[in-house]
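Below: a set of structures, written as structure tokens.
Each of the two complexes below includes subunit A, the first together with subunit B, the second together with subunit C.
Moving on to the complex of A and B:
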């Protein structure tokens, strides 16, 4: 760490450093930020932007950038802030890390921070006629300002960018998303193959896709703002309702983050149970993904097979957590209740059944001529693009990017079990599809090892002693967990409020699916419009996870 | 579930009483019954899944729960081919115009099932700045299914209640549905008017600074 600090100090003498937190914090003024960012990426190899978190510190508005060097897995974070609350402006980094394009639009939507030189400054989640910036601390919640509007959104084709010339003068350039000659097709928000309520505006030439404009926010529920109004324990519930197909992982991540901040050690048994639930959830999620992908290509029969096996996983959840979905099982310090006595037998049985059926899935679909024709060579994402767009999880690994958080930053007990990180090299739809089926085998491998560990487990404690009223010291923490669609990150900031019911000052979820829609335009370009459905199905995003 | 519990539904009892009170021709009545029986047993859902509940709905369609037993497995993606909207998941302010539009596009007779806590009341997101607090604010609802998400069994219970409702409604003559919708929108307009009037009165009272009489 000290080594990196020295190097950064050499690059940018004005930067301030803080080593008291979990990671090195670099504070830099906005004028120097873009140059430093460029140097960080090109000279120090910080090529992966984990998260870009907008925060309102009351006296200033700003952004936290979490950066990773994918070679050495070093992580740092940079704070850039502005005290101007009327017209807050920062410099964009979307030209360096492509993932920042959508993330900066999110920050603009929530905090009103305009990014200088950003190519497309539009709202992302909220309606174009929305009044105010909801995540600011002084946001007016009055229903009269923003009633339920039933008219279509005005000016949805308008956008602008603030361009800075060599002398530092800003000029606002108004533009349109699509040119007057472009033929635009609307897909969504209610469409069977967008897997929820996502909308694409697609410009086509003949049958080839030229540009995809993603319009999101049809299920934006303001989870981050809602979390600021609840205590740490009660705020846990929202984590499960984002990516409901990775409910255990999301909750696990938030719990780990709070435990890290509190300094609680979780009992071995609890971590083991959590890890098993995570892997079961991954199985269930990949099975669903297989079912949906096949159905989107017309193989309706193949849809029914994975659902038969998913019920086994759901039965385990039902028996041990008390619900089929939205389990509310993980809690701060462990899990809410111990597993049933026959848990291990159930898991072994489910593993056996699912493993026996994986060849059947391959038989049904993997060699099908339509499947091969539509998935081989379509929607190619290279390794460099995957890193630049910060796409992790199965999609990143299908492009040959080693990004499994279970391997790179092991949490829970993942360093005690043996499993392989599956990677493919072509990065097309077919690789993403095959990778999920292969990854299920790895999950089964992990689950079997966990079952052995569970049988030898001597501890009976399933939850550590946690104070009833949780008070975190002033500070911020970031935690990553490998969810079923990629790494989910939780940014938690506490202001050290001494009042009895402390609430998080800022809670941000860096959801994997948010990054996945960033590559839709890239992967669909110059493909057939019919293949847009296949490509997006193979990316396998969950819309409520994007919108939060 | 016991038959008595299943039948314990005041709303449907009331509808039934109304139906019995109005009386009808034997031939028309029998033909009516036949049509409603057929309609109730071939309900085609318009799957309007926005979040978690949609996954449970997929489980309904799959082998273990098998919605086909109720004639409701033909999930349509076009509102023009569907009998009822199964509204699953939170409806936000951005989505609200789309939902209303899809509802208007459906052919008569049409029904709405509000599936899951979010559609019933806003659920865990009631305090949010952009979530519709129950879809009955924007469209009339026939069946409410609480739960987050409802279990498949609960979904079937709700579906069967809708079937019961259809079986006792009239196909010919008094088209209760259209009337009901007209009433719904009238009531909403009236409510808005009342609220505006109240606000005006309050404002006037505050401006005049006279003590407001509590009538």
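Moving on to the complex of A and C:
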């Protein structure tokens, strides 16, 4: 850590350092930021942008960048802020980390920070005629300003970029997303294969896709804004409503983050239960993913088979958590209730059944000549692209990118179990598909070891003692957990408010699916319409996770 | 083998001799009778087929299918028909109304006409044309026009892509269907549908036609599936890509007509497969086994035809529910690179076989 600090100080003497937090914090002025970012990426190997979090500190507006060196797994974070609240402007890093393209648009949407040299400065989630920037602390929530509008969104084709010339003068260049001659077809928002309300404005030539413009925000619920008005316990509820196929992991992540801030030690048994639930959730998610991918390619029958096995997992959730979906099981300090006595037997049974059926899935689809023809070599994402677009999870691993948070930054009890991080090298749709099936076998392996540990477990405590009124000290924390579709990150900032019902100052979810849609244009370009469906299905995103 | 032409002859005699009606009137009455019977059968078979598809599909997918309405869900289909008849026909803005409303009728008329050509039984042929098979091919091409019109006149991008795909697909695969039909015609020595059935009296063509007949049969299964827009070749409607393809904008009974035609086309292609390769209404005969052949003759010929057709339909359904959908380039590649050249070579081989007398 000190080593990195020295190197950064050499690169940028103006940078200030803070080592009191969990990670090294580098504070740098905007003028120096782009040069430093370039040096960080190219010289120090910080090639992975974990998260880009916009924050309103009242006296200033700014962005927190969480960076990882994928070789050494060193993590730092950089704070860049501006005191200009009227026309806040920062330099873009989307030319260095491609993932920043959409992330900066989200920050622009919610904080009104314009990014200089950003290629496409549009709102990401909200309508073009939305008044105000919702996540700013001085946002006017008067409903007369933003009534429910029934007219179509105006000027949705307009975009602009602020270009800085050599002398530092800014010039606004207005552009159109699509040219007048382009044949643009809307795939979505109501479409069977977007898996929810997401819209691709797709420019096609015959059957060939030329450009995909992702229009998101149809089911944006403003979870981050809502969380700022809720106590920590109540805010947990929303974490499961993002990626409902990774409900346990998302909630686990938020709990871990709050526990880290509070300094609570979670009982071993609770951590074990959480981990088992996470893996069961992963199994269920990958089963669904198999079903949807096959369904999207027209193999309707293959859709039904995994649903049969998925019931077993849901029965376990129903029995132990009290609900099939949105389980609300993890809580700050542990889990809400202990598992049922036959939990271990149920898990073992589910593992056996699912394991026995995986060969059937392969038989039905993996070797099918049409399936091979459609998936092999379509939507190739190279390792470099995966890192650049910060695509983790199964999609990243299919490109040969070792990004499993369970291995790189172990949390919970993942240190105590043995499992392999599956990686493939081609990064095409077929690898992404196969990887999920292989990963299910690893999850089963983990679950079996957990069952053994559970049988030997002597502690009965399933939740640590947690104060009824949670007050976090002033500071900010970042926690990552490997969710079903990639690493979910939670950024939590507290202002140390002494009032009894303290609320998070800023809570940001860095959802994996948000990054996944960033590569849709890249992977679908010059493929056929049918390939677009295959590729997006193999990326396996969940819309509520994009529209948080 | 019972010859059903006795029945038709009796009706004809009843009208012309017993009632003493002039020929033009009796012919008109017979035409009306045939039309009524045909349309009724068409509707009944559509319903049977929808149920059949649901049950087969449910069985393949580990489901139970419709079981709630009536005993074994038998009334479900009536409920569906009533629902689709009472649904609103949504009127679109800015589309070509005339062509839009015309399109489903093209599709339905094409399928009814093909339906009418099927060899229902010994003597149950409506008109035994000497160009029967050729007529079927011509009529099946009419359906493409309906689909192209539907896609074009809806004034929607999805339907247009669906229609373009459909045009490309159906025209391509018609070649293969035509070539396989020619292969059989070559073997039978006639284009007449009754003639083809009669020619299989001593063994169905799939058995007597040697390897070329088997190859033709396989090509026919693939090509007929494609021409019928059924999975794995359901690209024109590919619901995961184009929501519903060419009939996206249709609602109510207009959509119902497309639906109806799709199921009946399934019946028709299965029937044609039965005619060309499995003997049509001809019972299973094995050359020389007189006793066995006589026993087989006791089973009425319409039952033979329906049994074979239902078996072929099962094969088509099995394929549909097992395979993923092919992509447009793979679909065209399969036809032009593989099926058509193989079919052409096969036709030549068959011609050689027939001329040398190598078939059984």
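Criterion: the second predicted complex is superposed on the first by the 548 of 548 C-alpha atoms of A that agree within 3 Å, B and C clash if a C-alpha of one lies under 4 Å from a C-alpha of the other, contacts with A are read in each partner's own complex, and residues count from 1 in each chain.
Going forward, contacts are C-beta pairs under 8 Å (C-beta built on N, C-alpha and C of every residue); 3 or more make two chains touch, one makes a residue touch a chain.
Computed from a prediction, not measured in an experiment: that's the story for all the values here.
**Student:** After superposition on the shared chain, which partner residues are touched by A:192: those of subunit B (first), subunit C (second), both, or neither?
**Tutor:** Once the two structures are laid over each other on A, A:192 reaches both partners.
**Student:** Between subunit B (first) and subunit C (second), which does A:308 come into contact with in this model arrangement: first, second, both, or neither?
**Tutor:** The answer is both, since A:308 touches subunit B and subunit C.
**Student:** By residue count, which of the two partners contacts subunit A more extensively, subunit B or subunit C?
**Tutor:** B
**Student:** With both complexes overlaid on chain A, does A:207 touch subunit B (first), subunit C (second), both or neither?
**Tutor:** After superposition on chain A, A:207 lies in contact with subunit C alone.
**Student:** Please work out whether A:245 is in contact with subunit B alone, subunit C alone, both, or neither, and reply first, second, both or neither.
**Tutor:** First partner only, subunit B.
**Student:** Should A:357 be classified as contacting the first partner (subunit B), the second (subunit C), both, or neither?
**Tutor:** neither
**Student:** Once the structures are superposed on A, label A:148 by its partner contacts, choosing first (subunit B), second (subunit C), both or neither.
**Tutor:** In the superposition, A:148 contacts subunit B only.
**Student:** Who does A:219 touch here: subunit B (first), subunit C (second), both, or neither?
**Tutor:** First partner only, subunit B.
**Student:** Of the partners subunit B and subunit C, which touch A:38 in the superposed model: first, second, both, neither?
**Tutor:** In the superposed model, A:38 contacts neither subunit B nor subunit C.
**Student:** Where does A:297 make contact in the superposed view: on subunit B (first), on subunit C (second), on both, or on neither?
**Tutor:** The answer is second: A:297 touches subunit C but not subunit B.
**Student:** Shared contact residues on subunit A for subunit B and subunit C?
**Tutor:** In subunit A, positions 191-192, 304, 308 sit in both the subunit B and subunit C interfaces.
**Student:** Show which residues of subunit A lie in contact with subunit B when the two form their complex.
**Tutor:** 125-127, 134, 139, 141, 146, 148-153, 189-192, 196-197, 217-223, 225-226, 229, 237-238, 241, 244-245, 288, 291, 303-304, 307-308, 310-311, 314, 324-326, 543-544
**Student:** Once bound in the complex, which stretches of subunit C touch subunit A?
**Tutor:** The touching residues are 57, 60-63, 157-158, 161, 165, 231-232, 234-235, 238-243, 321-330.
**Student:** Help me check something: in the complex, which residues belonging to subunit B touch subunit A?
**Tutor:** The touching residues are 47-52, 54-56, 58-59, 62-64, 77, 89-90, 92-98, 100, 102, 124-125, 127-132, 137-138, 148-149, 151.
**Student:** Please give the residue numbers of subunit A that touch subunit C in the complex, ascending.
**Tutor:** 183, 185-186, 191-193, 207, 294-302, 304-305, 308, 364-365, 368, 370-371, 373-374, 528-531, 533
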